[in-house]
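Note that the chains take the letters A, B, C and D in the order they are written out, and that residue 1 is the start of every chain.
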Amino acid sequence: MSKAVRSRSDKPRTDEAVRLEIYRMMVEARLFERRVHDLFLQGLVKGTSHLALGQEAIAAGYAAVLQPNDLVYCTYRGHVHTLLRGAPMAALMAELLGRANGICGGKGGSMHLTDVSKGAMGSYAIVGAHMPIAAGAAWAAKERETGQVVVCFFGDGTTNIGAFHEALNFAVVWELPVVFVCENNLYMEYTPIRSVTAVENPAADRASAYALEPILVDGNDPDEMHAVARRTVDLARSGDGPSLVEARTYRHGGHSRADPAKYRPEEEVAEWVARDPIPSLRERLIADGIDATTLDEIDRAAERVVDDATAEAQAGPPPDRSTLLTELWADGGSEWRN
Amino acid sequence: MSKAVRSRSDKPRTDEAVRLEIYRMMVEARLFERRVHDLFLQGLVKGTSHLALGQEAIAAGYAAVLQPNDLVYCTYRGHVHTLLRGAPMAALMAELLGRANGICGGKGGSMHLTDVSKGAMGSYAIVGAHMPIAAGAAWAAKERETGQVVVCFFGDGTTNIGAFHEALNFAVVWELPVVFVCENNLYMEYTPIRSVTAVENPAADRASAYALEPILVDGNDPDEMHAVARRTVDLARSGDGPSLVEARTYRHGGHSRADPAKYRPEEEVAEWVARDPIPSLRERLIADGIDATTLDEIDRAAERVVDDATAEAQAGPPPDRSTLLTELWADGGSEWRN
Amino acid sequence: MAELTYREAVSRAIAQEMERDETVYFIGEDVAAAGGVFKTTEGLLERFGPRRVRDTPISEQAIVGAVMGGAMNGLRPIAEIMFSDFFAVCWDMIANQIAKTRYMTNGQVALPLVIRTANGGGVRFGAQHSQSVEAWAMAIPGLKVVVPSNPTDMIGLFAAAVRDPDPVIVVEPKALYAMKADVPDGEIVDRLGAATVLREGSDVTICVLGSMVHRAMDAAERLAADGIGAEVIDVRSLVPLDTQAILASTTKTGRFVTVEESPRLCGWGAEVASIVAEEVFYDLDGPVVRITTPHIPLPSTDALEDLAIPSPDVIVERVKASMG
Amino acid sequence: MAELTYREAVSRAIAQEMERDETVYFIGEDVAAAGGVFKTTEGLLERFGPRRVRDTPISEQAIVGAVMGGAMNGLRPIAEIMFSDFFAVCWDMIANQIAKTRYMTNGQVALPLVIRTANGGGVRFGAQHSQSVEAWAMAIPGLKVVVPSNPTDMIGLFAAAVRDPDPVIVVEPKALYAMKADVPDGEIVDRLGAATVLREGSDVTICVLGSMVHRAMDAAERLAADGIGAEVIDVRSLVPLDTQAILASTTKTGRFVTVEESPRLCGWGAEVASIVAEEVFYDLDGPVVRITTPHIPLPSTDALEDLAIPSPDVIVERVKASMG
C-alpha cells in the first residue's frame, strides 16, 4: 500500500445546490461526449478524438469551485474540461466537426479546444507540455495580483515525462497559485501505467519530491472530488502555493477513437463501470432526499442542450478558404516577408 | 533536517592498499587540474573549462571499485572522472590545449573528454542529457549480460531538468545496472541550489519518487565515498538495479574559468576548504599508521606524472587541417552527398 | 510478391532485421503489447519476446537516450517516436547528442541506431501531430535521413538504416500507412543515398519524397496529357543526398521543381533548389520552383488541411505557370 | 553617443523596455544575482528588483513554458536561454507550443514574448555550445527571428521584439559580446523585417547576418581593392524577411552570395538563395553561391574551429571564383 495520504473530506457533504450543479455538469458532459461518439460513427468527426467518459467527476468537481477569471489548462482529453468551464457547447461540437463556427474556426480540432473568454486556456496535445505553461500563467497571476487560480489537468502517463518534473519544481519554488490534477485512469495509451512507472501512485508518490503533500482521491466520487478541489483551490488562492492531486478514475472507452481497448481485463472494466460517478451521485442525492424527478428533469434538459448544440454545430459551413492564412500573427495574417 | 538516510559505513575502513590508491588518485587529479589552471592563466587552454578541485573524493571512491569493462558517464566537469578511469593524462591535457595528440584530436575540448577504451564514455555538456544515455548503456549491459555496471555523475543543478526524471524512472522500471551519483556542490553555476529547488537535498529527497532508497553521503570523506561506491556498484552488479546517491561536496574555485565565484560567502568557502578530502585522508592515513614518507612519495610521483604529461601534451602539434572533415561518419569522412 | 500495406511493411522490415541480428532491439511507447498506435508493429512482441520488443514510459528523452546508450554498448537499437512532432521533446538527444558524439570523440563512439517516426499531415490530427520534420533532421550534421514512399522502399531503406553504422532517422509518412503495393518476397535491402527516377521526362524535373510522391506522379500524368514531360525523382534519402541524380536530370530537362509537404521556409526543397541554382545554373531554362505548404502550422479541419498540402492540381498549375 | 559593448547593449536594451512597461519581466538561469554567464544582464536585478528579474532552476522547459503562460495572462516576459544549443531541450515549448498556439486557437491567444539567446561559434566552446540555430527557428511558422549584428541593432531590434505582439526569438552572436561601438543616447526602437544595406556595390550582393557581417564587410573592403563592388546586406531579421531589399539588390548586381555561420544544409542561406533563384532568376548573371561552415558539428580547438567558420579570406576567394 502506498504511503500517500488518502484525502477524506472531514467536512459535511457540499451544499445541495452545488451537488445538483455537479450532477448537471456531469450529465451534460456525458451526453455531449456520447453524441460526439455517435458523430464519429457517422464519419462526421474527422481526425482523432479522446473521450473522458467515466472521468467527468474530476472536471466537474473543479468546475464547481472555480471563479470566472480562473484559468484551466487541459489535454487532448479535454472536451469535458473546456465545456464545464463554460465554453459554448455548439462551438465545441462545431470544432470537432471542423466547421467555421467551431471554437477555433476548425483550425484547432479535437485536441486543441480553447475558449480564452471562459478561462479555458487550451487543450494541449503534447504530453506534459501544458504543465510549465500553466505554471507560467500562475506566475503572471501572482505578479499581477489578479487573485486567479490556475488548474492544470493531466494524465497518469504524463508523470513520466520531463516537463512534469520541471513544472512541479518550478511552481513550488516560485510558490505559484496552481493546482496540478493528475487524472490517473490507470493507462497511458494502451499500456498500463504500473508497467512503466517506478511507484504505485504516479503523482501522489512523487509529491514529496517537490515538498508537497501527497493527495490521493477517488476521482469517481464527485463529493470527494469537490472537497479536494475546494481545498486545493483555496490553498492556491490564499497564497499557499501549488498542490498536486492524484484522482483515480477510469475511462469507459478506448484511449481514442481508434482504440477498442481490448487490452483491459473485462472484470476491471466492469468494476469501474459499476463505479460510474453519475449514477452513484444520483443514488446518493436521492438517498439524501432529492426528488428523482428533479434529476430526471436535469437529464432531459441536458439532452435538449446537446440536441440543440448538435443542430447548431451541424448548421455551420466549412471554414472559408481564406481563413487558411489568417491568425498566425497578431495582425491577423500570416505573411513572413515584406 | 531532511528525511534522507545518511549513509554511514558500518564496515571497518577499507584496505590500506585501496586507501592509498584513492589518495594517489586524488592527488594526481588535484595536481592535474591545478596545472590545467596554470595553463589557462598562460592563455594556452582556450575556451571554457570546469575544474573539480575539492570534489575529487567522489570520482576516486568510484574509480576504486569499478572493473575495467564498467562504464562511466560524466559532465563537462569531468576531467577527474575521465582521468581516474585511466585515460592517459597527456592525451587529456593535450585535448584541453587543442592539440592533435588530444584524446579527441582537439575536436571535443574540455567539455567532451572521452576515452572509450577505458570505459570513460564521455563528458556531456548539456545538463542532464547523459543520464538517459547512461541508462541506455546499462540496458545494453543487462541485455548482453556483460556484467558491466554503469556509473553516471551529475550535479545538483541537474536534478531540476526533465532528463533527470525520465532517466531515473526508466532505469528503475527496467531495473538497470546503473548508479546515478549526484555531486551536490551546493551551486548550479552561480545560483545556490537551495534557491531553485523544492527540497533540501536535491537528489536524496527525490529518491522515493523512483522507489529508491535515499542515500546521502559526505562527498568529501574518501572512506565514506568508497563504502557507498562499493555498496551501490555491488547492488547494480548483482542485478538489484539502480541507485541514486547524493554526495555533498564543494568546488574550491568558480564554476568555470570565467568565474571568480564572488557569490559565495567567504566563511562557507573557508569551511569547505578546511574539509578538503586530500589533507583529511592524509591525516587519517597517518593516524592509522601509514608513514608520512610513503604519502610524500605519492605526492612527488604525482608531480612527476603531471610534469611529464604536460610536456608530452605541449609537444603535440595543432590538429592537421584535414581532420576538420573526418569522423562525422563511420566511414571516417563527412560527405553528405554522392 | 505479396500485397502489403505500408504499415505491414514496417513490421516486416523490423522483423527482417531482428531475425537477422540478435543485437537489434526495438522500443517505444505502446509498440509491444498493443502493436503500435498505427498498428505498424503488430506481432513483433509475440515473435521476438518482451525483452527485444518493449514498451516504454512516456519519456521520449529516455527512449532516445536509451538507444544512444544502447548503441554505445553493443546493441543496434531501434526507437519509435510515435509522432515526429515529438522529436521536439527529445531534440537534444537527437540533435545535440546522437548527431555530434562521433565527431566530438573523433570517431571513438559509433552509433548504429535507428529512430523511426510517423510524419506529416493529411489525417486531420492538427498542428501538433502533423508536422513534417525531415528537414529538421537534415539540417543537423551527423544524422542520416530517409523517407520511404512505398512499402518496398520502407523495407529496403529501413534495412539499410539498421545495417548502417551511423544513426539514421527513418521518416514514415503516416498518410501512407494504409497504402497497398506488391512487395517482393524474401529479404529486401536497399542502400542509403540513392534517389529513384520514377518517371522519365524531358521538360521538367520534379523532386519529391514521401507522401507527395504519389501526388507528383498524378500531376505528371496530367502534365503528360498536356504535352509536358515531367521527370519525377523520388529523393528517398535526404542524407546522404543523391545530388548526381538530381543534377543530371535537371541538366537534361532545364527546369527544376520541388514538391514538399513542409512549411515554406528552410525545407529540404530550399536546400536542393539552391544546390541546383549553384551547381547547374547555366543549364536552367527558367527559375527553380518550390511548391510547399504555406508557412503556417497545419490546420485540423479537412477543409483547410487539404488546401494547405500541395495537391496534384496545385502541382500541375504551378509547373505549367513556371514553364511560361 | 556613448561607446558600448554588445554585452552592455543587451542590458541597456532590457532595461529600456523594463523601464517603459512594468509588465515586462525577465527570467533565466543565473541572470539575476550573477548578471548572466556572459555578463549581459548585470545591474538589472539591482534596478528592477528580484520579482521582475529572476533566477530560475536549470529547467529550460519550465523557463520557456513560464514565459508562454505568462504572456497568456498579461505579462510581456523575456526568457534567456543561456546558449542557443539549449533550444534543443525546450524545442517543444518553442516550436510546438509557442509557435502554434495563436494559429491553432484562431487568434484567441496572443503571445507577446521574447526569447533571447547566445548563439554561434568562435569561442572554442565545442559542438554543444557553438551552434547557430537561427534557421531552426526560421523554419517554424509562428516565430519571428532577429539577429542583431551590433550594439545599436541589439537595442533597437530587441525593443521592437519586446513591443511586438507576437513571439520573437532574439539571436545574439556570442562572438560579438565584446564588440564595441558608438550607440546613440536615449530610447532606440527599430522595426522587425528591415534589412540594412551596409555597403553599396554594383557587382555582387552579399547577404549576411550576425557575426558574419563583420567578416563580410572585411571581405568587401578587400574585394573593392580588387575592383569588385560588393553590396553587403545585413539581413537582421529572418522572419519577417526583407525580400524587397534582397531582391532589389540582386537585380541590381546580378550576383548573389550568402555567408552563414551555420552548417551546410537547410540554413537561412538556402532559403534566401532559392527565393532569389525563383524570383529574380532572369536578373542573375551567374550561379547563386552559399558560403557556410561544412556540414559538421563545430570542433572545439581553435585551429579547426577557425577553419570551419567562413573567414574574410574564404569569402573573398569564393566571391572571386564565382565571378569567373
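Throughout what follows, a contact is a pair of C-beta atoms (placed from the backbone, for glycine too) under 8 Å apart; a residue touches a chain by one contact, two chains touch by 3 or more.
Predicted model only: the values in this text are computed from it and were never measured.
K.L.:
Of the other chains, whose C-alpha centre is the longest way from the centre of chain C?
P.N.:
B
K.L.:
Comparing the two chain pairs, does B-D have more C-beta contacts than B-C, or is it the other way round?
P.N.:
Ranking B-C and B-D by C-beta contacts puts B-C first.
K.L.:
How many angstrom between the C-alpha centroids of chain C and chain B?
P.N.:
Here chain B and chain C have centroids separated by 40 Å.
K.L.:
Chain A to chain C: how many Å between their CA centres?
P.N.:
Averaging C-alpha atoms per chain gives centres 36 Å apart.
K.L.:
At what distance in angstrom does the C-alpha mean of chain B lie from that of chain A?
P.N.:
About 45 Å separates the centre of chain A from that of chain B.
K.L.:
I need the residues of chain D touching at least two other chains; which ones are they?
P.N.:
56-57, 59-61, 85-86, 88-89, 92, 96, 103-104, 126-128, 141-142, 239, 264-265, 294-297, 299-300
K.L.:
Enumerate the residues of chain A that touch no fewer than two other chains.
P.N.:
Residues 104, 107-108, 112, 124, 126, 129, 160-163, 166, 169, 173, 195-197, 323, 328, 334, 336 of chain A each touch two or more of the other chains.
K.L.:
Which part of chain D faces chain A closely enough to touch in the complex?
P.N.:
Residues in contact with chain A: 23, 25, 51, 56-57, 59-62, 64-75, 77, 92-93, 96-97, 101-110, 112, 141-142, 164-166, 193-194, 239-244.
K.L.:
Which bits of chain B are touching chain C when the two form their complex?
P.N.:
71, 104-105, 107-108, 112, 114-117, 121-122, 124, 126, 129, 131-141, 143-144, 146, 148, 150, 162-163, 166-167, 169-170, 173, 323, 326-332, 334-338
K.L.:
If you look only at chain A, which of its residues touch chain B in the complex?
P.N.:
Contacts found on chain A: 160-166, 168-169, 172-173, 195-199, 205-206, 208-212.
K.L.:
Flag every residue of chain D that touches chain C in the complex, lowest number first.
P.N.:
Touch list, chain D to chain C: 85-89, 91-92, 94-96, 99-100, 103-104, 126-128, 135-136, 138-142, 239, 263-271, 273-274, 276-279, 281-282, 284, 286-290, 294-297, 299-300.
K.L.:
Contact residues on chain C for chain A in the complex?
P.N.:
29-30, 33-34, 37, 55-61, 85-86, 88-89, 123-129, 264-265, 294-297, 299-304, 307-308
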